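Shared between the two complexes below is chain A, which pairs with chain B and chain C, respectively.
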Partner chain A sequence: MSSGIEAQVLQPYKYGFVTDIESDVVPPGLSEDVIRLISTKKGEPEWMLEWRLKAYRHWLKMPEPHWSNVTYGPIDYQAISYYAAPKQRPKLESLDQVDPKLIETFEKLGIPIEERKRLAGVAVDAVFDSVSVATTFRETLARQGIIFCAISEAIREHPDLVRKYLGSVVPHNDNFFAALNSAVFTDGSFAYIPKGVRCPLELSTYFRINASSTGQFERTLIVAEEGSHVSYLEGCSAPVRDENQLHAAVVELVALDDATIKYSTIQNWYPGDEEGRGGIFNFVTKRGACRGRNSKISWTQVETGSAITWKYPGCILQGDNSIGEFYSVAVTNQRQQADTGTKMIHMGKNTRSTIVSKGISAGRGQNTYRGLVKILKGAEHARNYSQCDSMLIGDKCGAHTFPYIDVRNSTAIMEHEASTSKIGEDQIFYAKQRGLSAEDAVSMIVNGFCKEVFKELPMEFAVEAQRLLGISLEGSVG
Partner chain B sequence: MTGKGKRERENVLLEIRDLHATVEGREILKGVDLVVHTGEVHAIMGPNGSGKSTLAQVLAGHPGYTVTAGSALYEGKDLLAMTPEVRAREGVFLAFQYPVAIRGITNAYFLRFAVNAIRKHRGEEELGPVEFMDALEEKLKVIGWDDSYLNRPVNDGFSGGEKKRNEILQLAVLEPKLAILDETDSGLDIDALKTVAQTVEKLRRPHNATVIVTHYYRILTHIQPDVVHVLSAGRIVKSGGKELAVELEEKGYDWIREVA
Partner chain C sequence: MTEPYVRDFQAFASNGAAGAPPWLREIREGAIARFTALGFPTMKQEAWRFTSVAPIAETHFTLPGSRRPQLALRDVAALSALGAGPRLVFVDGRYEPGLSSLAGLPEGVQATSLAEATRSGPRGELARRHLARYAPWQDSAFAALNTAFLADGAFVHVAADTVLAQPLEVLFLATSGTAVTGAGGPTVSHPRSLFIVERGARATLMESYASIADGLQWTNAVTETVVGEGARVELYRVQREGRNAYHIATTQSRQERDSYLGLHVLTLGGSLARHDITTVLDGTGAELILNGLYVLGGSQHADHHTVIDHARPHCASHEFFNGVLAERAHGVFNGRIIVRPGAQRTDSKQTNNNLLLSTEARADSQPQLEIYADDVKCTHGSTVGPLDQTALYYLRSRGLSPETAQSLVTYGFAAEILGRMQRPDVRERLDRLVRAGLA
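So, the complex of A and B:
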């Protein structure tokens, strides 16, 4: 065994199993008919269908974007199935009617949805392919007026709320993948926190892709009314397959006066194998609007999976004194590529934003930070602090940083720090000389590097994130 | 060989025979012989470039060095066949000349990780954070240090002297059987040197041994070495008692080179 630091055979992806369940799958292809079919299957009102079709017609005229620092072959949008659901969709009111195979699947993923096994303090919406199969703790939340349910259900049950906010942060024609999502989105979560309510539980959605040749197009909408507070977490995984699967999600957050939304992501989609075969294309649009005064939106993401990640969770800081935060750890190993970062758009007075990005590249991974900080003319005394750190493991990977700064108000204060470091043989040797294995040494060094981000995660998930990071870097050091 | 009287075979902790080692194809060690018994403190002195640090690194298993000939037995086992981490878990400790920084990881966490790796190797139960802190407090009391280092990230932002002190803290906590101090005295002011040396002296036990690699005599005014060796051009050319160190201090290394 070579003593140098180099990529070695990886541990297999631990969430790569397939659930054998009969699915209702719409044949591959995209057309107005398919969209009508999805809308019908979801029992949607007419306005929703019209909105989808408007997005679709716009999408047809848009070119697929290729400005990001990633490479992949052409995507055949007609070869993808846009709807897959386990047959005999259970009634959400009763978990007894959920297919045991689904319960078992989520349990294997560490997401127990049965009453007696539930995670304390966490309400979970479990999404399997194109449908939400269960949402826990609904009654507990409802007592405080909090709505937490599948978005398809919200469209039927709370049409006024959905209609008011859907597309208000990410319009149907925002970008190519967002437009596609607007046309074909199937499920996702909806959360509504009423005025002055502090959500007593962590809200969480777990997305699982199971069916092959399908895409997952989920849509999440979170609305925090005046003075409310919510912490939300999403997790995801997918089976090991040789084909690439498209995941094009849209997340919209709206924070009104004095409201706070904390949104955390642990993304662990199948990354593909060491040769770069298979894996999820994770092309996601996430954006939060701090509409109210003193509102705050905080994004924390730990991105370890996917063949390609393309996402820039951003904040539009409209309200005076509003705050936007972005804390990110992105890992690329093997042949994974990530082009990720954030957009902070300062519009209101005294708006503040903080960006802390940690990129880790191993194997032949390519990791790009791309961020935009824009201070508009009316944003008096806006402040931004950005910190972008890259860590390289081995000598075949790459780290890239593209910080865009656009300041149109001279009272703004901007700070930007960046660093690139390499896990050195000396660092590993030092840890080994104290008795640590190479794997433990790397995991420790990387966790130390990411500490500023991990401390932003809800307690229940910080441990999971550290563990995941260890797994995704296993074997990256000889 | 060591100049010390004959000992029982079972007291031999480290036995190096005709050790040759290269770095980037260049031979640095050209036949080192050294025997260390338990309870002993050895000093290895020598001019710059004589191979002192190379010897320390080779014993710890640094991957940048290649052993081309010779042997090293540790407790009768083939030390050179062990990975660096196994050597560490078996009780070989190297205090680094240039300690490495680890961002975001506190000393306390790092130490517990190391202690538990060693305990696990011995088949002992790993210590939880609370138990470990209790044990650590005890240890700090023994060596008379405060706990100001514990919550700082490992060597991150430490001065040169603090890094060296931190190595000695690790030494005290890990309680190795064989401690190798690679120029721990360089970069220390007089007071720090004294503290470090006294700590090493306090940690002396009948069952452990210390090898001090140094350029200077001054650390030996605080630690009593049993044996002093002079390493020159990759070989131990002279061994003796403490008086040899005094002689080196007075005459420098040139006369040794002539003798060699």
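So, the complex of A and C:
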């Protein structure tokens, strides 16, 4: 891992994730009082509280959606604690005390020894935990006028910016889980890139998610002003043991004229055990608005974790000549279920979108691609290309493709292609005959299958993603 | 909105269809109960997202009265898709023996009315075994309504190892209450067909729908087809009802081991058309070609929902649907391929291409794959776009006028579908209808 990335990610408590206030725990349940309490604890202005309450009141009236191609038991929203201090794990003295299974995984991912300690909750030595590294990093950004901080900090420090953009892409009443998030969100990041600035670093929440304070209701807002450029990384390839069952995050991106936002995700949350017990429900609303001319938003995701993944990162292509991209790899093994895809809404002239989705099902996994490409009347000469490929490993899994295509402009050109097939037995045979183990062969074939997506990832992520895929599919063949 | 139909059903059950056998009456009672429970679908339902049946639900369509329009054989020939040859003719779903002609059918082929076929005897037993056993009247309000009013329709039985060389046409003509009799409100007919092609037999069948008058009318058709082991069937379906017609149809087929079904669908007419096509590949080695074309203009709306259900291993299905959408037309295509657990070695391909000829035209396309087996090869593709500018440029550079170039490229797009029709004589007739539709 390059030092640049390390520098960015080594700032565990920098953004106020462990503070004295947050050591309180609110008893489970959701009511207007709980929302008021969250808002007070966060020191939020009045308008923010009003917004939360508006979202909550709307949420109460919404029915819980069940149209996705996944099955799960009922969720008790009153059993969730909506404001809890990050769980403090007992500090361990050395790596010897860590679960050997976890160490083995780190080994396979090739995570540096110092990082392993941090991931496993081992006390990290002082040099590594140096505050100065993070400070330097933040200064670099500040010199360029870039704001990158926790969303709660942004609400206090930059209320005008937040107020202008928060909820402008995903409104408080957008959908059931977005409304819930709007009412109770506590964590998340805010990034603002001023006019004409190209962000010198890849912004990342890598370690913060990795620390024990995994946000259950995260809210991320990224605003790229005219002519700016930013790349943002979210998530972590290391396994995260988290006890929150329901994760309902909201991510909003705003790109103005000539701006580019690249958003990459690696998600490897706890998928539950072999029988599908436990595991995270990952119900996320992610949407980007290409507001300006020639703007571009690119989503790249590698989804290997969670018991259930249900998300559709989308782009609203408002500005003329704007571009939306979606590259996705979703893996389901054991009893995992994924219903994921994208939405591309073409509004401006000459808007273009590209969708490349790779689904891999193994074990008893069920993998669904669901996507919408909508070309509105005014989107003259809009262009879309979609490709959805599914690979099946084993005869108990399923792969499903449900694209929705709605074209209302005759000058638009839209193409969709999908294929589903079994992993090539002759390819495995060939690799084995050359001395590779069945598992290595599968890993190699799968990585080749996903290459188009991996090449969109920032390099460090791409390397880890490949290893991660190998681990996720362990035991699926032979 | 369902009550008027329940009242009509009670009247229908007590007089018009009292002669039906008990098993059929039982099915009808069950079907009207299902219709009442389901109600008319709304756009909130996923399968009806893009098609509103409010114009149908908000009007009370009555069953046509006993007064029949006077038709000459010559008129029928003009409305028939094939023009000549053996045919069964129905007016508002009722068999018209005087207009039908069954000369030249080989031994082993029975073509008659369902009213006749459901009477007792060996034929009645056959109808009982198959009728309403496949069409999804438990889940579809329209199929349920058709089944509730099931009294007549087409019955074709091709015995094992029989070859029906000449195409047999089943022609359904719809009248309009006001236009024909000068009295009464808009009318509905519920055409029903049952085609049984037994083991090793071969048949070419044509199912066609046309309007006698251009008034407000609703056709709610259901067709059930059984293709026996090793049988080969070419089934053509042409819908060219009037521009004021609502056409709702359900086509349900079941294929047995090693059978072949070529199902060719041509949708030209109706202001609002919806066609649900479901084929179950229920025996190993079965093969299906599902080949469709919709040519729409004005403010026509046509919605095709197809389901290909691979229930057994080693089956192949190839589906092609092309749509030509001019003026304010709206074409909807939803194609679902299901590969059931254990249906290994499935080979399935689906394509939907849409041509938009005007800025007001609209296409919605939803190809879907649902796969529960691993050793499969499944693909789908879908496109929406305008005419290829380079193709037009090429033709114009050869001296063709812009209009000629455009109509040539458009025809070529439609001809892809026509080219897959195996009977040259039928293809030629349908080619003429398509050209007329494109003009």
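In the analysis below, the second predicted complex is superposed on the first by the 382 of 478 C-alpha atoms of A that agree within 3 Å, B and C clash if a C-alpha of one lies under 4 Å from a C-alpha of the other, contacts with A are read in each partner's own complex, and residues count from 1 in each chain.
We take it that contacts are C-beta pairs under 8 Å (C-beta built on N, C-alpha and C of every residue); 3 or more make two chains touch, one makes a residue touch a chain.
Being a predicted model, the structure only gives us computed values, none of them experimental.
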Fit or clash - chain C, chain B, common chain A: fit
Which superposed partner A:Gln427 touches (first chain B, second chain C, both, neither): first
Which superposed partner A:Met444 touches (first chain B, second chain C, both, neither): first
Per-residue touch tally on chain A - higher for chain B or for chain C: C
Contacts of A:Pro74 with chain B and chain C, given as first, second, both or neither: neither
Touching partner for A:Gly435 - first (chain B), second (chain C), both, neither: first
Touching partner for A:Asn409 - first (chain B), second (chain C), both, neither: second
First, second, both or neither for A:Ala418, with chain B first and chain C second: second
Chain B versus chain C as contact partner of A:Glu452, first or second or both or neither: first
Minimum C-alpha spacing, chains overlaid - chain B and chain C, in Å: 15
Overlap of chain C and chain B interfaces on chain A (superposed complexes): none
Residues of chain A touching chain B in the complex: 3-4, 424-427, 429-438, 440, 444-445, 447-452
Residue ranges of chain A touching chain C (in the complex, touch as defined): 67, 375, 377, 390, 392-422
Chain A-touching residues of chain B, taken from the complex the two chains share: 60-64, 83-85, 87-89, 93-94, 96, 99-100, 102-105, 110, 113-114, 117-118, 121, 153, 170, 174
Chain C residues touching chain A - in the complex, by the definition given at the top: 46, 50, 341-342, 344, 354, 356-359, 361-386
